[in-house]
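First, the structure itself, so that you have it in front of you.
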Amino acid sequence: MKTQTVYKPTGGLTDRPLSYCPGCTHGIIHKLVGEVLEEKGLLDETVAIASVGCSVMSYEFFNCDTQQAAHGRAPAVATGIKRVRPDATVFTYQGDGDLASIGMAEIVHAAHRGENITVVFVNNAIYGMTGGQMAPTTLIGQKTTTSPRGRDQGNTGLPLRMSELLATVPGSTYLERVSVHDPKHIRKAKKALEKAFDVQEKKQGFSMIEFISTCPVNWGMTPNDSLNWAVDNLIPYYPLGVYKDATKGDDNA
Amino acid sequence: MKRITILTGHYGSGKSEIAINLAIQDELNALIDLDIINPYFRSRSARKLLEANGIELIESTIENSAGSDLPFISAKGSRPFVNSDLRAVYDLGGTKHGAKVMMQFRDFIKNRDEIDFLVVVNIYRPETDQAKKIIQMVEELEATSQIRVTGFINNSNLMEYTDESMIEEGERILKEAAGTLNLPIVYTFIEEHVKTTKRYAGDNRVLIRYLAKQWL
Amino acid sequence: MAKVLMKGNEAMALAAIKGGCDAFFGYPITPQNEIPEYLSYHMQEHGRVFVQAESEVAAINMVYGAAGAGARVLTSSSSPGIALKQEGISYIVGSELPAVIINVMRGGPGLGGIQPSQGDYNQVTRGGGNGDYHLLAFAPETLQETVDIVKQSFDLADYYRNPVMIAVDGLIGQMMEPVDIDKEVEQKTLEEKTWASDGTSGKRGRVNKIVSLHLDPYDLEKHNLKLKAKYDEMVEKEQRYEMIDTDDAEIVIVAYGSMARIARSAVKELRNEGVKVGIIRPITIWPFPEKAFDELPESVHTLLTVEMSLGQMLQDVKIVNQGRYQLEFYGRAGGVVPEASEIMDQVRKHLKGAK
């Protein structure tokens, strides 16, 4: 009988067991990033910037040089590295609290300067690490530990859409929102990541892939229910797709 | 000396000290401090001294701006251009960025013949230590101020280390630049402590340091 | 090379280039603007990096990134901006990275003013960031000394893998003084930065991690003890100070930076009057030069601390003094720069038999 490898762990990740809760999509996203870096042969020349959030330990998981950044500051740290080591591939891995709240200035200005870096943005509509508080991306009505009656617009405004926001920043180059709730979408998400690292390799500027992600633990749902909740609630508010592709019409693209 | 002298140049070239010296030595009516570059050591710090000498100090739109870095220049700064009875010296902030403030007064300047626009040069400032750098600076100053430079002031010094040879070296380099640009050296300023009987280019003046404290 | 006349900020910027600074990240604030302005023009000429960041917070985190990638990095700011950088400084220390930070101090608290001050003494020597750490902190007095220290600081930062702060008050940033920018300074023998996380793991054959997170308290304690050992080494080796006219002094002024310049003037005049007065001038404010106080002669009865702040360094003098001498204090704040005559009056007031 012919054997077929159906699953092989990616060399893009170390053999440290991932710290994420079972069914949390942070794990899938890690695997995709690891695979893309490995397949593109970039691991040897990459620096990954871990942010503060559930992915704080990601510097232990990505099998490349890593640096751990303060909450929200990963794009500034990436800027520092990329400017002095322009040949290295540099990416940040950030949650929605990290990127859309405390690190809003750093992400907007990294895009604004057109930093040639890639951002992996994991939007789970909540502060996972600190125990499920409201994030700027939390949906209206969504209950969190700091919006116990459900997020209400009068008090907290409307959820921020970061891909749409960054698309208005003239310096950004490639922005796409993806999801990892089923194999088809996972394949699509991987393509998006490949594109983003391509953009960086071709020195075309700032790229970000926003992942719709889940937090079963803090959402208080089974992993399966949380995937369905993301499809039914998050994706309608955060539609998937390419929000900006400034590489089109470019000879190098 | 023309009715109005405007001093420009690199920062730290000695414009403010020279402005105060000229105002006192020539009994001018006003000193206009338009320095929007430096936060300290501006001619406005010498308010008491100037006023004691009957010289009006025109500076900012905010009272006692000696401690501020707000660039608010006073509209009164245009008075000498309009009132031909006034003899005045203008002290601009350093570099082309300081000189661009003159654009605010362009429409008031009626008679350019009454104005000397002088570039203060100290060749011991690394940014103006060669004729070609000085020439380039003059071009930049003219571009942002929209006023033609009419001459140079040689203020080459190393403060307490200054001696005759430094003034001479300054004159040599400055003459090279002045020659290329076909401009005169209008004044040479000589540090108070340098005892010399030599004659240097232009009007020779003593430089008394009013802004720098003894311990600086 | 011969001396040139430079403005303090400009001289520090040029000294950084001479000291091998690869990259600068900063944000405008008076009275240090000439540093980024100068570097924005000149770093490019040397093929080096200049970035105006969106804030001091971003700037220090860019420093953190670039230092982690093995570069020699500089940032500069003034007091309120340094306050914003404290988070990043703590991360840089925690990750054991070298960096040089210039603080051209102005009056505070809050937006304060733009005139010269030494009100950041605590911010510089105690730090505003979290955790058990210190910066090697210099407070030079003349532009020549400042330039020499800026050049050396890149070596010192690399040697200790710890940030170095150069704290000057606005006067030193803004004043003009002749300097020899190429004067030789002592250099350290440095190891290669094999720890840098710079995207060359392929060549290196292993990955590097730059991290300040240690979730196991025993592990974190061990890390803290390792840092402590470096601080002990600094206390032992890096104390710098100058003893001025102390040999037969009865009163000794303790003053640093511009305040020491003013004190020098006062001492010169007082000595002409026959008053036996000298100065201890700390050149490092962390480590505080305790050794200087052990060198004082028997004749001393009083230490007069003078600051352009209201008794911040005085705390260190108290710690070091341990009851040895009578302690007196004179300070001006908010950007007011005292005259030499004020210090002379203070000295006269505290002479034995005065009043």
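Just so it is clear, A, B and C label the chains in written order, and each chain counts residues from 1 on its own.
Just so we're on the same page, a contact is a pair of C-beta atoms (placed from the backbone, for glycine too) under 8 Å apart; a residue touches a chain by one contact, two chains touch by 3 or more.
Only a predicted model underlies this, so the values are computations on that prediction, with no experimental measurement involved.
Put simply, the chain nearest the middle, going by average C-alpha positions, is C. For the criterion of most C-beta pairs in contact, the winning chain pair is A-C.
In this assembly, the chain whose C-alpha centre lies farthest from chain A is B. Averaged C-alpha coordinates give centres for chain A and chain C that are 40 Å from one another. Between the Cα centres of chain B and chain C there is a gap of 34 Å.
A separation of 57 Å divides the Cα centre of chain A from that of chain B. If you check the complex, the residues on chain C that touch chain B are 3-7, 10, 14, 30-31, 34, 113-116, 170-171, 174-178, 261-262, 264-265, 335, 340. Within the complex formed with chain A, the residues of chain C that make contact are 22-23, 25, 49, 51, 53-55, 57-59, 61-71, 73, 87-88, 91, 95, 197-203, 207-213. By the touch rule above, chain A contacts chain C in their complex via residues 43-47, 49, 56-57, 59-60, 63-70, 73, 76-85, 87-90, 105-106, 108-109, 112-113.
Partner chain C is touched in their complex by these residues of chain B: 11-12, 38-41, 67-69, 122, 124-126, 129, 157-159, 161, 212, 214-216.
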